[in-house]
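Common to both upcoming complexes is chain A, partnered first by chain B, then by chain C.
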Partner chain A sequence: MSLKRNVSLATGLRYRGQGPMLTYVLHRIGGLGMAIFVAMHILASYLGGDIGGLLNDIYENWAFQIFVFFCALFHAINGLRITILDLFPKLIEHSREAIWIEWAVFIPVYGIAVFVILSTALGG
Partner chain B sequence: MATTKPRSLPLSKRGLNFEMLMWLFTRLSALAMYALILFAIIGALIMGARTQMNLADVLRWGFMPNSTHVQSTDVPDLAPWSTPLWRVAGSLLLLVAVAHGMHGLVVIADDYIVSSRGRNIVRILSIIMVIAFSAMGLYIIWTS
Partner chain C sequence: MQVTLKIFRYNPEVDKQFHYETYTIEAEENDRILDLLEHVKGYKDGTLSFRRSCAHGVCGSDAMRINGRNMLACKTLVRDIGDRITVEPLLGLKVVKDLIVDMEPFFDNYKKVLPYFINDSPLPADGRERLQSPEQRARFDESTKCILCAACTTSCPSFWASDQYYGPAALVTAHRFIFDSRDEAAAERLHIVAETDGLARCHTAYNCTMACPREIPITKAIGELKLATLTGKIE
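Let's turn to the complex of A and B:
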């Protein structure tokens, strides 16, 4: 039995899921980003040598750090929201508010981190 | 659109199956990773990170308490950072994170690969990758 969606890509892109949809998409991007980063990092540490050095150079780059920190921080904060709401289903009523709290935590912490990364990378 | 009966069962008839247990594992392992990272950060502060490491280095240690992560800091002696306690903590974090991440990749793949043959291949590949990355990670943690 295979699944048939009958929804085209164009229709999918026009879907307006608003805040919850955005967190779902970013959670997925963050998870994928971290999985790729951790896999690269383990491989680089295990292999060492030229390949390891090349991979190290990639993830020590400030642009990559900004991306990976976004993945890790958003996935961690959003994951905590999902865990709390799933383990305490009565809180589902307040899921919209939970997403606002999530952004209120994420934006300042991520903003400070990006500022620190950039001022270290570009300011010397 | 044809009307279909809802396929969800009441909780009492659902029982436990592997996918449900992995759903629960994903949530519990998230909490476990929070606890392990907090444990590593508190440990780092107790071992003197407050004056010898900057915030980025403390976080790097927090995400994986492996002594190679503090090599480039002002920590005078790596010995307290490579005790069996930290190797065990690092191993736990590695195993939980690899299982959590690989299950996440399987969930994503299931959204795009819908044939049962394809899904079986994804599962076999994921088991191979869990074993491979766990083994490589454990080797790094216990030999560094």
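Let's turn to the complex of A and C:
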């Protein structure tokens, strides 16, 4: 008898991998968020009618746009970092700095995007 | 100082599920987590089970999760953790008892990469050792430091998802032999690590490098293997 090896999502998320682990988790959330967005788009067109209209309202909502833009932008920048590190393994020594650069690029770009989305949505 | 030590407990002969037990003990700042576990086993509860051997960071027996992160209990000091310490077994391997996990899947994966020197060519004319320059030796120096503690492999989200994934420790071992100028099975090993359960499952999460008690640049070694499988060149 022994305890099973399965690692639940909650247990995995509690592992304290710090900055790199955070980017790993956010990358997955980003991918999932984009998949949900695309699926809603397809479903809205396919179903039409009231349900299609409801799905349309959800993904055109400013709050959802802020979420989707987070997903797409983070997934893209983090993916670019991983691609560069995979192609040039010597740079992996500077992995910590690469993550700081990633955040330095992400935060202002995302901040501007959120500002534009909010001022358009709430500014009338 | 007084330390609160919360330990994961599971006795397969009694328990259906695991639980935690908390012990309050006196400790010095320079005590290691292993010292605390020995104290609990010696003075509080003799049924506590954990692996330990050399107690000096060489054998790799006492890898465990300490405050949510994989470490060697014999290399981790109380002053680096604080006075509230939680000790749990490694993730992704079956728990046999308390902090002891079943290492078989880990070693099964290790064996897949042919973790031994292969060279069928005749020995040099003088019949002595196969020579290697300091630069050739330095090429795989870091990878030789692995003590097979499994801290890296069990910190990897890909391994949590599937124990069929070779894991960082096996890939580091593959790196150690593939980049050894004296070894002749690099092509065969590159073919093995290029399998579905090999390099492709590494998503550069970096947990392995951060967990390694020997400070081996594991992600870099795996990156070099990825590049070697892409280009077919070992440089």
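Basically, the second predicted complex is superposed on the first by the 110 of 124 C-alpha atoms of A that agree within 3 Å, B and C clash if a C-alpha of one lies under 4 Å from a C-alpha of the other, contacts with A are read in each partner's own complex, and residues count from 1 in each chain.
The rule we apply is simple: a residue touches a chain if its C-beta (ideal position, glycine included) is under 8 Å from a C-beta of that chain, and two chains touch if they have at least 3 such contacts.
This is a predicted model, so every value here is computed, not measured.
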item	value
Which superposed partner A:L43 touches (first chain B, second chain C, both, neither)	first
First, second, both or neither for A:G79, with chain B first and chain C second	first
Touched partner set for A:Y15, first chain B, second chain C, both or neither	second
Which of chain B and chain C A:V116 touches, first, second, both or neither	first
First, second, both or neither for A:L87, with chain B first and chain C second	both
Touching partner for A:N56 - first (chain B), second (chain C), both, neither	neither
Touched partner set for A:A35, first chain B, second chain C, both or neither	first
Those residues of chain A which chain B touches in one complex and chain C touches in the other	1-3, 82, 86-87
Parts of chain C lying in touch with chain A, wherever the complex brings them together	10, 12-13, 18, 65, 67-69, 91-96, 102, 105, 155, 157, 160-161, 163, 203-207, 209-210, 217, 219-220, 223-224, 226-227
Contact set on chain A toward chain C in their complex	1-5, 7, 11-12, 14-18, 20-21, 24, 82, 85-87, 89-90, 92-93, 95
Residues of chain A defined as touching chain B within the complex	1-3, 28, 31-32, 34-35, 38-39, 42-43, 45-46, 72, 76, 79-80, 82-83, 86-87, 116-117, 120
Interface residues, chain B side, partner chain A - complex	27, 30-31, 34, 55-56, 63, 68, 97-98, 101-102, 104-105, 108, 114-116, 133, 136-137, 139-140
